[in-house]
Amino acid sequence: MFSFKERAIKFIFSCLAFSCLLFLLAIVVILFWQGAPLFSYMDFSQFFFGKSWYPTSQPPEFGIFPLISGSLIVTLGAMVVCVPLGIGSALYIYELSGPNSKKILKPIVEILGSIPSIVFGFFALTIAAPAIQQFFNIPTGLCALTASIILGIMAIPTITSISEDALSFVPNSFREASYALGANKFQTLFKVTIPAAASGISTSVILGMSRIVGETMTVLMVSGGAAVITSSFFSPVRPMTATIAAEMGEAAFGSLHYQALFAIALVLFMTTLVFNVIAERISQKYALKLGANR
Amino acid sequence: MLEQNIRVKAKDVSFYYGQKRALKDLNINFFTNKVTAFIGPSGCGKSTFIRLLNKMNDLIPNTRAEGKILLDDENILDKKVDAVKIRRKIGMVFQKPNPFPKSIFQNVAYGLELCSMSKKEMERVVEESLQKAALWNEVKDRLRDNALGLSGGQQQRLCIARCLAVEPEVILFDEPCASLDPISTSKIEELILELKKQYTIVIVTHNMQQAARVSDWTAFMYIGELIEFSPTKEIFVVPKEKKTQEYLSGRFG
Amino acid sequence: MKNIIIEKTGFFLITMCIAITGLFLALLIYFIVSNGINVLSFEFLTQPPKNSMTAGGVAPAIVGSFYLTVGAVIVALPLGLACAIYLNEYSPKGLVASAIRISVNNLAGVPSVVFGLFGLAFFVKFLGFGISILSGSLTLAILILPAIISTSQEALSAVPNSIREASLALGATHSQTIRKAVLPCAFSAILTGVILSIARAAGETAPILFTAAAFYKRDYPDSIFSETMALPYHIYALMTEGTSPDKQVAIAYGCALILLLIVLVISAGAIVLRNKYRRQNA
C-alpha cells in the first residue's frame, strides 16, 4: 500500500475502470448527439404522434406512431404467450418436478435462453409463418401474430428462470406453516408461496417484456414490415427495432432519416431503461421484505 | 521481567471506529518466548487490539489509531511503516481456519512464493513448517491434495504452518480454537506450548481455562480498557482488581 | 372433494404450460436439426460459397464469426475484469465505482440494435474504422461488457474476506493478494460469465448488421479493417437477399444448425461448470 509499485497498479486499474465508464456513457452521449438534431426539424409531438412514417418521400415524414403501435401490439401479443407459459413452467419446475428432474430442467431452461434470436427468426420465417398462414387462412403469415408467438416463446426462458429463482427463495418455513394448518399443496402454492415471491415474479415479467421490446432480428424477419397503424393481429406491422435494422443500411450518414432512426433508438433506450428501473425497484423492495426473515 | 526481554511494547494505544472509541490508552508489554493471553467478554476490544499489532485494522475504512506500538524501535501504528514488512515479522492465525482453496503444499508455500526462493529451498521450508505445526505425518503423502479436504483442526494447523513458513518473530492467535472440537483444541494448545520456545506468542481466547493452560501472562480487558495484566499464575489465583475477580468467577461475560 | 378437484386441475394446467413450452422448443430444434443435418458436410464447413450463394460452403462466415467473437472477448475481458477488480477490491464506494454500477445495471437491458447504432456512429463513422471486423468486435465488446463486469464483480465479492486477510497477514501486498489469492478463488465463476458472454456475442446479429457484416465475400478476411461474413448475419442475408430462395434456404438451415450447436454447446459448458463449482462451494 505504500510502495510505488502498488500505487502504480492501483492507478492502472482506476484508469481501466474509468475508460470502461467512458465507453458505457458514450452510448448515451452518441445516441443523443446523433438523434437530437432531428428535433430542430420537427417537434416531439409530431415525432411521437405523427401518423405516417415515410422517410424517403418528398418531403419525408417521420411520425413514429405506427412504429410504436407495431411495437405495442407485438409486445402485447407476446406477453399473452410468455407470461402464462413462463410462469406456469416455473411453477412446474418448482412444485411438481422431482429433485432430479429439477436438476436437469433448470439448466435446460437457461441453455435455451441463449438460443440466438436469428435462429428463432429463421424458424419463424421458414416454419411458423407458413403454418400460421394456412391455419388461419390469412393472406400472409408475416404478421403481428407470428411475431408475437415467436417473441413470446423467446422470452419464456427469461421469465421461467427468474421466477423459479424467486420461488425457491421463499423460506421453507412459510410453506411448512401453511401445511401445518392443513392447506394442500395447491393452496399453499397459490396462497403462500406465490404471494411471497410476487415481486420476483413481476421482475421476471418486466425483464421478459424488456427483452421482447428490444428484440430485433425476429421481428425484422416475420412482422411483415408495414408501417401502418393497425389493431389486428393478422396484419403486418413494423415495430421500432425492425425499422432501425431495416432502414439504417439505406439512410445516408447525417441525413434526417439517419437522425430519425437514432431518435427511435433513443426511445427504445429510454423504454428499456424505465423497465430496468422498475424491475430494480421491485427487487429492492422484495429484498427488504424477505430480508427480515432470513 | 527485564527490559531487554520485551519484544513488543504498546504505549497509550487508543483506537477509534469513526467517532466511537474502541480502545482506551492501553499499556502492555509482550515478552520474548512467552505466551500472553487476552481474556474478556466479547466486544471488549481484544481482537481489535491484536489486529493492530500486524496492521490488519488498516484495512477497515474510517478507523484511526493513537499511541505507539514498538517493535524493534519502530512504531507499528505509524502510517508510514510498511504493513508488508510488519506482517512478515508478526504472523497471524485467525478465528476460523482460512486455508486457500489450493493444495496443501501451495498453502504453506504461499508466503514463500511472494519472495523469490528456489524450489528446493521451498520444499525444505514447507516440510519444516508442517513438522513444526505437527501436521507433517498426517499430510506428507498428499501434499498435492486440496487443503479444503482436511478436517477443521488440520486446517487450522495448516494455517499455523503457513504462518510459520514466512519465519515471523511474533505470532498472533485470534481465538484459534473457537470453531474446533476439544481434541483438535488440545492439539493446538500443545502446539502453542511447543512454539513458544522459538516465538513470542499472543493469543486471544474466550476460554479462561485455555488461557490458564497455555499462557505465561494474562491480560484482562473490559470495554476497551486493560483492567489487569499479570502473570497467569497470579491472575487466576489472586486477581488484583475487583472486575477481574467478578469475570473469573463467572458473574458476567 | 372440491379442493382436490381444484388442485388436480391447477396442477394439470401448470403441467400443460411446461409441456407446450417444451413442445415449441422441441419443434424448433427438431426442424433445424432435421433440415440442417443433410446440408452439413466437410465441404460445407471448409469451403467458401459458390455460384452467388447457392452452393458451396460457409467457411468464411464461420471464420468471420470466430474473429468477431474472439475480438470482442479480447477487448471486453481485460477491460471488464479490470473494472470489476477496481469496483470490488480497490474502491467499492468511490464515485467512479457507483457511476459504473449504475451504468452497468441499466445498460444490461438495452436492445442490441441500439448497441449496433452506437457502433455505427462511433466506431464506423466517428473513429473512421469503417465497416470492419474491428468495428464489429468493438461493438460486440461493448455489448457484453456490462455482463462481464457484473458477473466478475459478483464472483469477486463471493470470495470470503478471510481469504484476503489470510494473504495479507502472510505479508502479501494488495496486488499480490488480488493476483494470487482472490482471483484464483473467483476463477471459475468469472470463467462462467465470460463463456456465457462468448455465446451471446457469437449469436448476435443486430450489432454487426451495420458495423461488420457483408453478405458476400469470396475471400477470408485478411485484416481487422476488412468486412467479414458472419454466421448469424449470413442466415439473415440468405433469407432476405439473393435470387434463388430454394437453394439458399437449404444453406440457411445448415448455418442455423451450426450456430445453434455452437451456442448451445458453449452455454451448456458454462452452466455445467457453474453448477459444479456451486456444489463445491456449498
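When the chains are written out, they are named A, B and C in that same order, and each has its own residue count from 1.
Note that a contact is a pair of C-beta atoms (placed from the backbone, for glycine too) under 8 Å apart; a residue touches a chain by one contact, two chains touch by 3 or more.
For clarity, every value in this text was computed on a predicted model and none was experimentally measured.
**Student:** Which chain's centre, taken as the mean of its Cα atoms, is farthest from the centre of subunit C?
**Tutor:** B
**Student:** Suppose every chain is reduced to the average of its Cα atoms; which one is closest to the average of all protein Cα atoms?
**Tutor:** C
**Student:** Taking each chain's centre as the mean of its CA atoms, how far is subunit A from subunit C in angstrom?
**Tutor:** Distance between chain centres: 17 Å.
**Student:** Could you please state the distance in Å, as a whole number, between where the Cα atoms of subunit A are centred and where those of subunit B are centred?
**Tutor:** 55
**Student:** Could you state the distance in Å from the CA-based centre of subunit B to that of subunit C?
**Tutor:** Centre separation, subunit B to subunit C: 48 Å.
**Student:** Specify, in ascending order, the residues of subunit C that touch 2 or more different other chains.
**Tutor:** 173
**Student:** Out of subunit A, which residues touch more than one other chain, so two or more?
**Tutor:** 1, 3 - these are the residues of subunit A that touch more than one other chain.
**Student:** At least two other chains touched by the same residue of subunit B: list those residues.
**Tutor:** If we look for residues of subunit B contacting two or more partner chains, we find 83-84.
**Student:** Using the touch rule from the top, collect the residues of subunit C that touch subunit A in their complex.
**Tutor:** 3-4, 6-7, 10-11, 13-18, 20-21, 24-25, 27-28, 31-32, 78-80, 82-83, 85-87, 90-91, 96-97, 99-100, 103-118, 120-122, 125-126, 142, 145-146, 149, 173-175, 196, 199-200, 202-206, 209-210, 232-233, 235-236, 239-240, 249, 252-253, 256, 259-260, 263-264, 266-268, 271-272, 275
**Student:** Which residues, counting only subunit C, touch subunit B once they are in their complex?
**Tutor:** Within the complex, subunit C contacts subunit B at residues 93, 160, 162-173, 176, 180-181, 184-185.
**Student:** Taking the complex as given, what residues does subunit B use to touch subunit C?
**Tutor:** 54, 56, 59, 61, 83-85, 87-88, 91-92, 94, 96, 98-102, 110-111, 113-114, 159, 162-163, 166
**Student:** Within their complex, state which residues of subunit A touch subunit C.
**Tutor:** 1, 3, 5-6, 9-10, 12-14, 16-21, 23-27, 30-31, 33-34, 84-89, 91-93, 95-96, 107, 110-112, 114-123, 125-127, 153, 156, 160, 184-187, 190, 207, 210-211, 213-217, 220-221, 241, 244-245, 248-249, 253, 261-262, 265, 268-269, 272-273, 275-277, 280
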